[in-house]
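Below are two complexes that have chain A in common, paired first with chain B and then with chain C.
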Partner chain A sequence: MSSEASRYAGLAPVAVAAVPRRRWNLWHRVNRVAVYGPLIFLTVLAVVPVIWMLFSSLKSLSEFYTNPWLWPRAWHWENYTRVWMGASFGLYFTNSMIMVTSSVSGMIIIGSLAGYALARYQFVGRDSVLYYFISGQIIPGQVVLIPLFIIVRFLGLLNTRQGLFLIYLAAAMPFVVFMMQGYFKSISREIEEAARMDGASELRIFWQIMFPLARPGIGSLAVFQSLWIWNEFLFALVFANKPHLRTLPIGIVSTIGQYFTDYPAYFAGLSVAMLPSIILYLITAKYMLRSTITGAVKG
Partner chain B sequence: MLARRLRLWAWAFLTPALLVYTVFWVFALGAGLGLGTTKWTGYGTMRYVGLHNVLAVLQDPQFYAILGRNLQYGLFHVTIGLGLSLGTAILMDRCTRGRLFFRTTIYLPMVLSWIVVTFLIRWGLNPSFGIPKLLESLGLGFLKPNWFLDLRSQFYVIVVVALWKHYPFGMLAIYAGLQNISLELKEAAYIDGADELRCVWYVVLPLLKPIMAVVISLSLMDAFRVFEPFYVMVGTKSGTGYLDLDVLSTTLYRRAFVHLTLGDASALGIVLFVLTLSVSVFYLRTLGRTEE
Partner chain C sequence: MASVTYEHVSKRFGDVVAVNDLSIQVADKEFLVFVGPSGCGKTTSLRLLAGLEELSEGNIYIGDRLVNDVAPKDRDIAMVFQSYALYPHMSVYDNMAFGLKLRKTPKAEIDRRVKESAGILGIESLLDRKPKQLSGGQRQRVAVGRAIVRHPAVFLFDEPLSNLDAKLRVQTRAELSKLHKRLGTTFIYVTHDQVEAMTMATRIAVMNNGLLQQVDTPQILYDKPGNLFVAGFIGSPSMNFFDATIVESDGKLLVDGGSFRVEVPDKKKGTLLPHKGKEVVFGIRPEDIHAKPYVPPGILEADVQAKVDVTELMGNEIFVYALTGNKSFIARVDPRCRARAGEQIELAFNMDNMHAFDQKTEIAIV
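Showing the complex of A and B:
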């Protein structure tokens, strides 16, 4: 007797006896194919483009044309050095890293301060301030693009990292403040009140007690925002489109075509842009997807 | 005394976020609405023209061709995309082994950059090494059409890839909703004699309505905002070649930063804003209704 059948046998011997075992197994098998078949197909569909990119980035140009779809017979890692040094993807990579780390830490710091104030203090207009932040979510980036261009130019921040940084901060506020406010609300008040009794200053309560307690939430929020900024294109295109400031997406768009038909090098460039986000995603997927799930249910 | 001191702290904590957000987001929105009523190149004098720009946009037949493209893109998402999300979510809910694996890999397209993905499509369809070549080498050369070369079909290519990239989000949201439906409810339906299909149709789907409304609204908002794939496919070159692949945001970008007609572009921005606003009103209303 198969293990499946014996499991059911223990539960309902009568039912198992009534249904011939072979038919039951067949139905079970059909059911399994119907569930796993499509899932496997969709997995392949999600993964194949990425694998194609990685394989292509490691071929020689001639092999790329003769064998475009399978794995490379000889692995040409020098394609990567060619784009990294020759096509300045090293610079673009650094620029992307600088933008991600500065903007994400900035938005987490000011967003969590605001979220904490909204979750923990009593003051007139608190709900209005929260709604004020949340409602910014419906403003599309394209609509504020032109006025931002004028504001940033007026402040003398056009084609500087600071300008782009401030825009990312502002654009992220609706989501970050809303999420942080939620995290802080879910933390018990007792610790905080005890600390206040002991005479700790408000800033210290926030920074040394509450902020560390909200760390799990902050972590997944930071991952989300990092992926967004790593891939962000429109604002980076308008506000930091000078060779020394270009982030990877802008670098790709402006570089490709320069090397005429050096496709393996192009693919290596795309991989440089894609791999960090894939790695970050794979490391954190378990937690991130869970927080998306709970967020979707709440929202 | 303590209460007052705490109130001051609260405002101190709020200040940096409020400041950045107000100047670079809310004020910018107001300025954009204002700019839409002017004629300006970004330099020199600015001339007030009232609603002239907005009316010009609404009377331009080309605007409707462009809007039609955004709507078509959105329509594909709320029909095929939503169906795909729902179907996959139901399968995911059935799957007992390797859930985390499937969830992780199927969600992967969501985290890929649009720029990278668009280049992958472009090269994937390249006749000398892409899918057409693959079909040929498999002896299926007759399937190899030249259709990816014209822009109208490239539009559908982008739509299909966008479906591939975005359906995992809906899948995850619906999957979360499925997990929230209590087993007792489904069991009760089975005991009352419902088969699997009926159980899905009469018990599960009605309970998923609020989540579906969220997914539909977000897809529609995305449909009005979509930029990168169309930008990469045609660039901002002038001439008439791009016309078949223009959407709202690429038009706005070109009018603002290539032709430097900031007033016209902002008027288009106003229209875009009204469109997304109406979607979010629909979204908030359905949310409000389910909470009652």
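Showing the complex of A and C:
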């Protein structure tokens, strides 16, 4: 009996597993091609222009025309110094940084407070306020550009950082408030009630309990908004087009104007401008992926 | 230390009446359990006391103090939530210390109390962990710990054991009873599990549809349920009910269930006599039905013939699902009983423990 048992114990798993595994392998391989093929194609589509830009930024102007596709024969790193010095890149960079940090902080603070109120408090007109914010997402910024311009000029905020800051804040608010409201809704109400019974004031509940718990969502929201403002062109062009206020996108365009045909310098500028986005992405990629996934599952 | 009084308390959510005219007095140091089916208003009753819901009507007192308009934090109560509601981003220590810190308790005192409570619950070694790093049972203890560090006058529990596995639940049940004795504080506990209620409570409040059905000690609820609902809810498996008529024949008072006739014992005759000729609901618990010849001595037997439908062997006893007429009922019989499905079986009802209820009002007659 014991020998029989051990024989079965030894054989059974192998015998059972062997047949389906081969079939599964084939199916698996087909599956892999089907999934990874398009992914690889899309990755190439995204990466090739970036590499092309990096190569172009390191060529001399004449080589840029004669050898547009391949890597540079001689590496002209001085394109970068020229752009940084000549075109006040340092200034644009700083301006962009100021706009991003101030606007995103403002959005997160105001948006999270508003989102929390909409998620948790009962008050007259709450649903209308929420719908108002949701409908705000439908209207593209370009459409309201002229009235916005008139308002900003009336307020005397044309060509000021404050003006641009307020515009970014207003433009982002529908999305930010809506998302925040969702994050806070997904946090168990009992946690909040436990804190209330522990004796926490409403503000303390918000800052010490709810805000930290919503951090994954808030973090990814902050990254998305930072990328948007970092690359934002239209508002920056219309509302802050004074040399000392220019952000990077505007600065780069003005570079073209300044050195009309200096494409390598232009691409060097673009490469520098792209750097913070990429760094930010690399740092937060894992985190953002996770928060979008859990967000999707929770609905 | 404090008593709790609900005085004509009602709570409505729009059209839903979650709690309907609840009046109940909970004495100091009592372990009161609210029990009832899902949606009957247990949680709402507890949350009204906690101050997490506003009263629609009535008054709630903690001790002698009217607390209708007192904020939750000033009611001197602590609550253990069903989900435990631990702060996920804080260590166990900070979870327990949070409430004390907010009350500006001196640091040394906080430390002493957290360690003391952790000691009572056996979670000293977990103080540095985050809730994520704990098992379900450990989380449950931390939730209890967070409540007891504050030394409140009243503890509230909302189904604190429902997320534990069966074995741990039994163990934790005993521990909570012990904790209650040790702390000597009023406990108010919500559960839908009547076994939890029976084992821990000094008194049980049975609720249904927002209405308090009966409040009494576990033993009295079991022996003398006040109405049909309580009779069916307390006890497992539930009491068997038969539509029956009270009849008199040869000077004996009988319960006529159609397919069976059983005699009313002398001590219950007086109360049932006025119902002679009327329809009642006759009730008998599965444990008061025995299979012949394994009938315990000293009980007042009434013989009933039935057909076995299904049997379930439990080891120490057998659940017999039997049919009389076409009415099905359950008996918990001696494991030596050999009855098989489809066979006739001779049963004996223990008439000392019979129940009868008014058909219309569903209120207990005996």
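Before moving on, here are some points about what is shown:
Rule of thumb we're sticking to: the second predicted complex is superposed on the first by the 227 of 299 C-alpha atoms of A that agree within 3 Å, B and C clash if a C-alpha of one lies under 4 Å from a C-alpha of the other, contacts with A are read in each partner's own complex, and residues count from 1 in each chain.
Simple rule for what comes next: a contact is a pair of C-beta atoms (placed from the backbone, for glycine too) under 8 Å apart; a residue touches a chain by one contact, two chains touch by 3 or more.
Source: prediction; values computed, not measured.
By the touch criterion stated above, A:47 is placed in contact with chain B alone, chain C being left untouched.
In the superposition on chain A, A:198 makes contact with chain C only, while chain B stays out of contact range. Of the two partner chains placed by superposition, only chain B is touched by A:270; chain C is not. More residues of chain A are touched by B (comparison of chain B with chain C). Looking at the shared chain after the overlay, A:156 reaches neither chain B nor chain C. In the overlay built on the shared chain, the residue A:113 is in contact with chain B alone; chain C does not reach it. Overlaid on A, the two complexes show chain B and chain C touching no common residue of chain A. Chain C makes touch with chain A in their complex at residues 50-52, 72-73, 77-79, 81-83, 85-89, 98-99, 102-103, 146, 150.
For chain A in complex with chain C, the residues that touch the partner chain are 188, 190-191, 193-200, 204, 209, 212-213. By the touch criterion given at the top, residues 3, 6-7, 9-11, 13-14, 16-18, 20-21, 23-29, 31-32, 35, 42, 87-88, 91-92, 94-95, 100-109, 111-117, 119-120, 123-124, 128-130, 133-134, 164, 168, 172-173, 175-177, 179-180, 211, 214, 221, 224-225, 227-228, 231-232, 248-249, 252-253, 256-257, 262, 265-266, 269-270, 272-273, 276-277, 280 of chain B touch chain A in their complex.
Interface of chain A with chain B (complex): residues 35-36, 38-39, 42-43, 45-47, 49-50, 52-53, 64-65, 68-69, 110-111, 113-114, 116-118, 120-123, 126, 129, 132-133, 136, 138-151, 166-167, 169-171, 173-174, 177, 202-203, 206, 227, 230-231, 233-234, 238, 248-249, 252-253, 256, 263, 266-267, 270, 273-274, 277-278, 281-282, 285-286, 289, 292-294, 296-297, 299.
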